[in-house]
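Chain lettering (A, B, C, D, E and F) follows the sequence in which the chains are written, and residue indices restart at 1 in each chain.
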């Protein structure tokens, strides 16, 4: 078995930190770190819902994702300056939004919209999985705030969701790929799961070689273990 | 076991038709039909490669996807008129492109770019999986044309790729969801596989309820069987 | 007199086919073919009118036009990807919309909007004239559907409109230019007429040399004859 | 015969003024007035040609058109602020460009591009025909300047082009419609002709009612007479 | 003391002309000239206010700025064609809007919006200061028109505002820089003042070298004198 | 004399922190805090210069500015999602860029471009002045890195620049306005100065009332004192 460049065991995730109340204005705000990957997640509560939901007595949760231009090894053009969000950005923010909505009872939310902004301060692989993991905590905090303010009666959060990247690197299934692993992985898979271990999203992509059924199972097993650990982190921060 | 609205068995895909040489100008052109879903796939060969590949002696395969405004039940705004491609469009065309590249030896292609346009004439669920399945045939035809023209010596196509949607509907795993099933599925999963049964992409999304490990396995089994059948269709058309 | 490359007589149009009910979802849908030129025309009925017409008790008919990227000899960039519709596209869709409205009594339509999408599947000259000719049939079908549904009492279609391109090629007036003729024509003229032989639009452009009054008259005579034939095709299809 | 609101005879055009050297920087610059319609036309000479012409030893002439936001009765949104040029703007600037190129021998121009900007200071109907008429003078001046500078040897201008709007108003053919006539015309037709009386562009549109062959002939006769007068104005200004 | 290229004294501004009623449609319209710099300023009155002001019983004044493509020495790309307004344009139109609002009692205006368009016909330095100076007169005329029409009872104009550029050129403070001075100035400063000599905007920029406190004072003294003269011009034109 | 809401003296700036090496990838990276205002400034070095500078043997420094959507009290729409940068953003990033270039000898930089990204993590007034102050430090660090890498021989930084906002609040000149002061200030002025006390930019805006010459002088005196203090902070961080 090849050793990982990082010295980590195959099933070992990077040190995880979730710092609550990272900024002052948002109703929920955390800085989530998976090793050197740092993402600021803020949850903003607004009255009203998008047009397609009006008058249905339910709320909405959506997400936006962005990378600061120099969060990456070499500078990326600013999407605001280029005048549009790229395909990868759209794909990721749609994924985060779907993942968070899967954890919610939107009828209990009432006609409010919560927008969770996930902005990458520093990238070292796994920004989308860190974002989902942090966003869920920011969302939980915003919901607590809404309850304290009397805006909602029952907490709409049904479960916690967390996410991890797994992959095949040098023929071995590994968890929580950092950038150097990610860029040479044969397969890269992002898994979003609930606290109960059910799957919300599974997105596996053969980057360099197709993957077999057994490899898929090996990666999923790593994902389940990692998500369990991430949910523990989330619970500690939410409990405060 | 609930019967499917269509009367199909759980593992039964819709009638598949792949019509070659559907238009005159493209180097490869097929109309692919999965039941009422109809997608026109054209492969266009152009000299040169994108900037990031120049001088590396390899080629490129990319895809674009679009839906005609009234391919759907109610008319959608034309993306060209709105001034941008939506997130779903970008997500799908990136998926098609990655899937096709996974079937290719890009060094054998030399410094050519093949663009496969997948335009949905009529939609009834499964447009992205039909698109990938048809696009692979259009690509194969274009490569045959290049060989006949002496532009390439060895065929760069390493395998065939095909795709199918599977999902959990009324608690049952089913293959090749049509629109009415898709819109009420608990889980929707798109699987892209090679002719050998290895996985290129697995994208499972819990629409209404998280899915369990066993459900994932049941859906994957259906996908494998369906892809086998699709590859048979592809082979017959390519053999001509 | 030079023979036409196609072997057609100067006043001879290409074989015309109008296939009704080409797709399932639209209220009116035809595939129109002028030789190798193929355009899919779908008419979509929606409740309501644009802002500038609200509360005036009349309806609206508008058109959009697009070319599939590889409908042409060499691939064109997709307008949705470039982020805007080109000048030619806008010019043509405005022309189609005006032509259709000239055939309508918009007060009889009531506060509905009918959008006719004309998408070119394959181009070989004359796409805008084929589009107008097919769009009128799709519109007629959609109006029949509205009457059957009880949405309108009286049919708002006052007449049929059809269109043909005529031009000066090698000093000779010819009808229904195909691509190879179009690209070397001295003058290109598109004529939209009613079933009664009155003119809706006349757009003549000197491509290579100015045209004289006599040449204009010669081209108009060809147009009148061709439109008569096209209207016969339309009538047969509408009669069903 | 109904009298025109303006008191003009049916074939009488508005007072025409062409003021040369209206601004300092452009190589050619005129303010053209057709009654209250005022358009500033500037011709700018630049080295080089667009990509599609490179290395072919010929030049290019193109035009851009714009209306100042309050050139019209009620203020229009500024196109630069809306982020795109509308369909009418594109249609008109393409028309101006084609008209000017029809007057040019582009090989004699050499690898230069001349851009003629036509900006409407005040609109009262006929802005595009005034623009073409003025643009041709600005172009002539720019070509004279190029000859004086030794940039070209032979003058590439083969003829003069001028344009007029004609139409059917209250059942009568009239020339040079002002805004109040234009807005109630049954048919509106713009005719671009050479000094020799040949046609460059004919664009007739039935606004309220189709037009007959005889009406077309009546309108063309008015156009010919008006263009003759306009060419006289152009000649006087160019002769200086 | 170096003589200015223009022969003007350090505190001498260029000949100023303000031509009222320059166009017919706008409620206020002036052509303002500072030497060769010519800007058309039109004020348009519209019922209603922007969303953020609705229901507050006050009005709004805003400005837009543009340069005709060949108002400058070499042709600039048209902003409408590029699809966006540049940073300089936005900066200037925000400046003009703020300056005009500083002269207004917006409550007296009632729920109307006045948009002042400043379009540069010819540029020779100082276009933004000429624009502000002319825009204030166009605004005054529009307000007079509103009073005459009975739309407002009391004139909302509290004072006149005018603007001048000053700068350090060759170590000397000078007023009203023309293009050749502007392009070599060490410091460029735009000052907007009221008729009473108070400051609305001061924007000083070190182009080539930082400026000292004394230089700032010297420039401000020139600005005060110049604005006094400009206000005299404004008063004469408004008095009519 | 009114006391400030914050309890600060009129000339007292908020606690300033400049944290160096805040992120890993950028050649220079600081988090600058003026009280609750927090801006991340990263300097990125790239080979080459913009087109307009090519072949002139000098370098370029430019800046971009952005606010995270929930850096503010209520959430702002993300500029990347809206498809363009607003006028305020453009104005600020142009200001930062000019200020930094004023501190540089661009010929000593050689043909490199340094882009300084200033992203607001949390806003409480004074984001642009904090950004300039932090950006200068990030720039200094990037230049040190270039020297260490042997990319430049002599340090191109001629001086340090720092910036502060000053204003008239309740009739009193105060330094370093926080959000609650800023929103009720009569006048708001941003001053950029060199370490030597010379002025780079002075931008004073009368928000609620014009300002007098004496008020201008009072504000400038506060700015000079504050910039002195900021430069001390910069020096300590750069010295490391």
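One rule holds in what follows: a residue touches a chain if its C-beta (ideal position, glycine included) is under 8 Å from a C-beta of that chain, and two chains touch if they have at least 3 such contacts.
Note that this is a predicted model, so its numbers are computed, not measured.
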Based on the averaged CA atom positions, which chain is farthest from chain C?
F
Just going by residue numbers, which of A-B, A-F or B-C has an interface where over half the contact pairs are the same as at E-F?
A-B
Inter-centroid spacing, chain D versus chain C (mean Cα positions, whole Å)
28
Distance from chain E to chain C - Cα centre to Cα centre, in angstrom:
50
Rounded to the nearest Å, the gap separating the Cα centres of chain D and chain E is 33
What are the residue numbers in chain F that touch two or more other chains?
83-84
Can the chain contact pattern be summarised as a line, a ring, a star, a complete graph, or none of these (other)?
ring
Cyclic order, anchored at chain B and moving toward chain C, comes out as B, C, D, E, F, A
Under the definition above, what is the set of chain F residues touching chain E in their complex?
84, 86-88, 90-91, 93-94, 98, 102, 189, 193-194, 196, 198-206, 210-213, 216, 220
The residues of chain A that touch chain F in their complex are 23-26, 29, 36, 40, 42, 44, 46, 64, 66, 68-75, 78-81, 83-85, 89, 115, 117, 119, 121-122
